[in-house]
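Next, two complexes with subunit A in common: one pairs it with subunit B, the other with subunit C.
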Partner chain A sequence: MKKILLTCCLLAGVISYSQNPMQGGNVTGNAETNIQYLNTDTVIGAFAPEEKIVMNSYMNVNYSLGKFRAGVRFESYLPSTAGYPSFYTGSGIGYRYAQYAGDRVTVTAGNFYEQFGSGMILRAYEERALGLDNALDGASIKFRPVDGIEIKGLIGKQRVDFADGRLINSEGIVRGIDGSINLNELIPRLDTSDLRISIGGSLVSRYQSSTNDTIILPANVGSYGARIGIQYKNFYINGEYVIKDNDPNEHNGYIYNKGHGALINLGYSQKGLGILLTAKSIDNMSFRSDRTFEGNQAFINYLPATSNNHTYNLAGSLYPYATNLYGEVAYQLDVLYKIPKKSFIGGKYGTDLHLNLSVATDHVRHTSDLDFETNRISYVGKPFDMTDSLYNFDFNIHASRKLNKKWKASLHYFHFIYNNTVNKITDHEKFIKSEVVVGEVLYKINRKHSIRIEAQALFTEVDRGNWSTFLIEYTISPNWFFTIMDQYNYGNPDESLRLHYLLGSFGYTHNRSRFMFMYGKQRAGILCIGGVCRPVPATNGLTFTFTQSF
Partner chain B sequence: MRTSFLILFSLTLFTFNFVSCDKVAYPYIIKTNLDTTLYPGNFRDYDFPTFESNPNTLRNALIEDYTGHRCTYCPNAAIVAHDIEEANPGRAFVASIHAGSSANGVTSFQEVLLPDYPTNFMNDQGLDMGATFFQEEVGFAANPMGNINRFKMDALATDNFFYTAGNWTRITDSVLTTTLDVNITAKSSYFEESHGMFLHTNIEFLNNLEGTYNVVVYAIENERYAPQLDNGEYIPAYKHHNIHIGNLYDETWGRLVSSGSTAAGTAIRNDFSYKLPETLSKENMHFLIMVINRETYEVIQVIKHEL
Partner chain C sequence: MKNLFLLSIAIGIMGVFSFTGVNDGGVDKKMPSVTLTDMYGKTINSGDISNNGKPIIISFWATWCKPCRQELNTIAEEYDDLVEEYGIKLIAVSIDDERNKSKVKPVVDAAGWEYDIWLDTNSDLKRAMGVNYPPQTFIIDGDGNIVYSHVGFVPGDEQDLYDALLKLMEE
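Coming up: the complex of A and B.
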């Protein structure tokens, strides 16, 4: 009888617990729609598809109830917008998940994104502008047994395709485990120490069956790494080193070399000054969930770029540098300095200076004492073993100053040396040297109205010659903006291609809704985000973009 | 909590580490039909032999003596076969095949009969040959009978190549004088550790030939003492010679060498592996390597190979 009563009490408790939170369920999300009406313009190389109108559309819907969350993302590509990966077709659900997030444990089933360390060993992420989405589909557990320790474990297949509205996962299965320890959180007496230390380690493995009848392909390919972060007062250093075991794949020509990745950041920061030196060495670290894939698909890991992601279009989309997946040694220096306000040079409001220098070179491939015919190891690579074969050089300096309450101005200078033989993006052979100068002013007409003018010029003696860009933007806060931009390839060696690319746009924002229209010509270029790039074709037409969050 | 967590985590890491990666030291898949497990060590270190052209111009003879341990007149035929071998050293070789003239190659002459005849001399390939030759009516009517290179002597019978022992000597003499069409050279490696061997053959076509030709390898046990009925007398420790104990790769008719038109000068290599029976030493074995016409069964050339 007591047992029956106890069971009834427990059941009543469970029911009351499970019913109460139902009243507090919450739905959030966002939507984005891009529609293009495209015209054919053979002069600039723009071609309209047979459908004339193309669309990418997304909507994320998340539901949360207490510690439980679930969500889906609807996607439509009818068909996909110009330059977007052609394997995105149809409408359907591209992402769905359910998650319980407790105090110590978070468990996710379905799709999820994840990153171990810097991402060199595992990074499942979405970069929608690139058409890159390598979400994992499986299960993930995060466990924090005590403060200062976190363990992550996951197993899943990776999104590699979205065909006819159907999410298509990789053939390979990704398994990973990652642990990180924050010593200052773990050991109470270090909590107030100026010395902050964290360490971590990761193991990631891909399983893909093998059917090759010539070579033995490893079905299980492992990658492992360790990382450390140390901070002492204004100084900090963090580094990660990862190794990938033999991973013969389409991209590397089915060699059995080991791969490595090393990333070191050394920094100093104080008020008004920040210095960051980054050193990177990668070799044969392209790691995918399907060994047969190339391009931007099926990446398990992410190889970080060691150059600035430039926002001015002549600096950012003509000769942008992408991480060389075969391997490179790269260094970058970033110095941010604010000349104090009310000083002779700094002026009344101070002046922000930013200097950035990055260089990427090939790495040495040691080929002596190798027996390729036996083990298919084509060379041995060592960390930071650089050659004088330049891949990319990027020097840029920026100065921006608020002149008074109405005016703000900035000047920018870029110097690029781009190795177009290694990372070929145009027809020109070998190096492309270019310089870009940008001037920008912002004038606040009154509290709501402002006008921004941007003038850019790119100078190069090769490829398509000199370019200029002029942009004027009128903003009525917080709802409206109007922009006119003209890019002019005035230095093209072929006089018939000295074209203007005139583009007008305006946008309207209302609460959480944003509408934008663009009409005109856009030149072909390269879109790079974080060292990952995709070509963008020339277009001529109308683009409508709508975003909404809720 | 911390201790149990650390144990759990260490076990997870340990397990994961072992399943996470297949390290492949030798990526190339070896294209061979050899049983590489017989090779003691890394098979990639095995040196395949090379062959020079064989200057031989003589055709050899294979005496297939179809026999049985309960066949009372079979020892007489065995003596004839042995004499031919003795008379033609290095040119004539004997295979004593324990098979009879029936649909499955087994008659009471070959069957085990306890307690007097406990030894089973039969094997699948021998029985298959016996059954085939019986069914194809090539003259295999009883034991003892046999053939010399499955060679048809027109003067005796048009379609037959099985004869009683009384005919074997003159047929052998005739075969030994016919034109040689192919040469066989063989080299082998024996591995003490596995009691296995690799056999490599090089077959050279000396004349233009039409038809389908196979290479067949008999495993032969040199001698064994076992009961035999001999002219009505039970011999408990009869000395059996040249006992056919099977074909390599269990292939009754061997494997293809060439088909259609084959030009003179064509040389074809074949590799065989074989694990010797545990009860036999390599000294008590040899191999008969032959090229046969797959359509007529005729043995074009045969050589004896010892380890």
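Coming up: the complex of A and C.
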């Protein structure tokens, strides 16, 4: 421990001295601290730990000098805040790297984040608010022999835990190589062409020794992907197809099926109009650096949810959808249109419309002519082979308009059908149909003062019944904000659970520093940020958050 | 050993203080050099940006981030003037991941934004610039130094940004 502290102090000292512009070094980074004082509230099911006060804290420090870069992240969980992975404990260094970034070559040693293609084959990333961090720890090299060609290679173990202040990596080793060619950059005379083409391919493999007595487990599991992107004037299409070799693991019940992932985007866009159609097919594609893991840890790849990322509280947190890891077929349509300004319908400033429709279903499992006893292949799945078993349906439409210099308003409607048997998040069995309406107004009192009001209602005949949310926010630019939010489960069939979840908060921002206090009750639900969802428990208490970037 | 320990703590503390002093306002900070792409897949090195010696606004945003889009919509109303009268350029850096990355182009086109758009899918630039959560907006001066940064957006914050730009143009 002393050694670590010693190194850190020296590092901090050295780094800050070299901050002197004469020497040309550059220090950047950020810090975040979350402290909670928790109370137990049996009615909403919030439990305070014995410590009462809990804290998560991080600081990232990056140092660069010319083409050299290095950085560390200090992390503290004393103990971790409500809803965070409770196995994160202690204080220490959770991330450190050194890098040389030349014109054609970038070499990194230590921890790094990376994505191949769409990430369906490999994505090491960090989503701090959700406690997700699957950084690789090893070495990576990126090489650009000529403009338009990039080759990436990496070998590393993956972060799976942070225990007693120490970074814990996976047992398995991840190896990957990826190549991409951008024809318009590669061939100079195509640089100004209306037709733009890029292609790419990846190969990722995991090694983990096999220790099972009853079945023969493959120690090396490979995954292969190819992708293409074409753009012609206002039209574009891009797609990726990934195959995973047989990967018997805890999550899939040790079956020897292959897996696949396919993702296609087809779009048209011009000024004032954007249309996008997405198609996705996934089967048996959960790929982890440790075959015995379940939950959110140790993912090598990333399977994006095919639906809109809703941010209004009732639309986003009660019945949110996440990709079914066993497999699904999903489609999504987005249409964005701006009714021109100074038109009869568009008004003086124009009106923004957005329509989004998404549907996800189960996929067909072909089981004829299979001999499970001999080869442990439980079914055969084919791309885009959908069934009529619905996982999720989401239709939503949004209109927003600036009325005049003082007023802005928006209206939103959502219709959800959520399959709670497949992705269970509440006690209700089968489908939950719900409708949400939201109205929002913003009034600019003067140059610095504004007031914003949100009124939301969710209607459903099942589960916990109807909800309403009322939010009022007062802001003073560029420093202050004050918010009161009341979420009220007025339609709960059980009268004793018709509760108000009242949450008050205020914060202060000064340039790149920001702090916030929040006090009240927070409902149990699902927190979704950046397309990944994680359950958060009910909490009752005081939360203090401080963020600083430097 | 104990002396060495104390000494290094002392160096550390002095260092931290000295850098908070030097760094006030972040004047000596250069735009970090990170490789990412634009909306058309073209490779870009963030360290190479230039705008004929005129300031550049860098704004981190995401399609799902309401205050980000509000900020970019607000600046869009004045953007013609910023470009034509002051030669200022805005680069909107999308940190959307694969779930929403393909929505960036329709969102940008439908909104009619004339900004340069970068895709920071792997969050490399976000990390290098110390961004915690979007939106965060920076001003880079004509020499590539980061001279202003603000976290979050509430109505009126754009005036703060314009004031900082005008101050910079007068210098």
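Note that the second predicted complex is superposed on the first by the 525 of 550 C-alpha atoms of A that agree within 3 Å, B and C clash if a C-alpha of one lies under 4 Å from a C-alpha of the other, contacts with A are read in each partner's own complex, and residues count from 1 in each chain.
To be clear about the criterion, a contact is a pair of C-beta atoms (placed from the backbone, for glycine too) under 8 Å apart; a residue touches a chain by one contact, two chains touch by 3 or more.
Just so it is clear, the model here is predicted, and its values are computed rather than measured.
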Look at A:29 in the shared chain and tell me whether it touches subunit B only, subunit C only, both, or neither; answer first, second, both or neither.
second
Of subunit B and subunit C, which one contacts the greater number of residues in subunit A?
C
So, does A:246 touch the first partner subunit B, the second partner subunit C, both, or neither?
first
Applying the document's definition of touch, where does A:511 land relative to subunit B and subunit C: first, second, both, or neither?
second
Under the stated touch criterion, which partner chain does A:270 make contact with: subunit B (first), subunit C (second), both, or neither?
second
Which partner does A:205 reach: the first (subunit B), the second (subunit C), both, or neither?
first
Considering only touches as defined above, state whether A:161 meets subunit B (first), subunit C (second), both or neither.
neither
Touched partner set for A:481, first subunit B, second subunit C, both or neither
second
Could you say whether A:147 touches subunit B, subunit C, both of them, or neither, answering first, second, both or neither?
second
Note: in the complex, subunit A contacts subunit B through residues 145-146, 149, 151, 153, 175, 177, 179, 203-205, 212-222, 224, 245-246, 248, 256, 374-376
The subunit A residues in contact with subunit C across the complex are 2, 5-6, 8-17, 19-21, 26-30, 32, 60, 62, 64, 101, 106, 113-115, 118-120, 123, 125-126, 129, 142, 144, 147-148, 150, 182, 184-185, 196, 198, 229, 231, 236, 238, 263, 265, 267, 269-276, 278, 302, 304-306, 309, 311, 334, 336-338, 352, 354, 442, 444, 447-450, 475-478, 481, 509, 511-514, 530-531, 547, 549-550
Subunit C to subunit A touching residues, read off their complex
4-5, 8-9, 11-16, 18-19, 22-23, 26, 28-30, 32-33, 35, 40-43, 62-66, 97-100, 102-103, 105-112, 121-124, 127-133, 136, 148-152, 154-157, 159-160
Taking the touch rule as given, give the residues of subunit B at its contact with subunit A in the complex, in rising order.
1-2, 5, 9, 12-13, 16-17, 19-29, 44
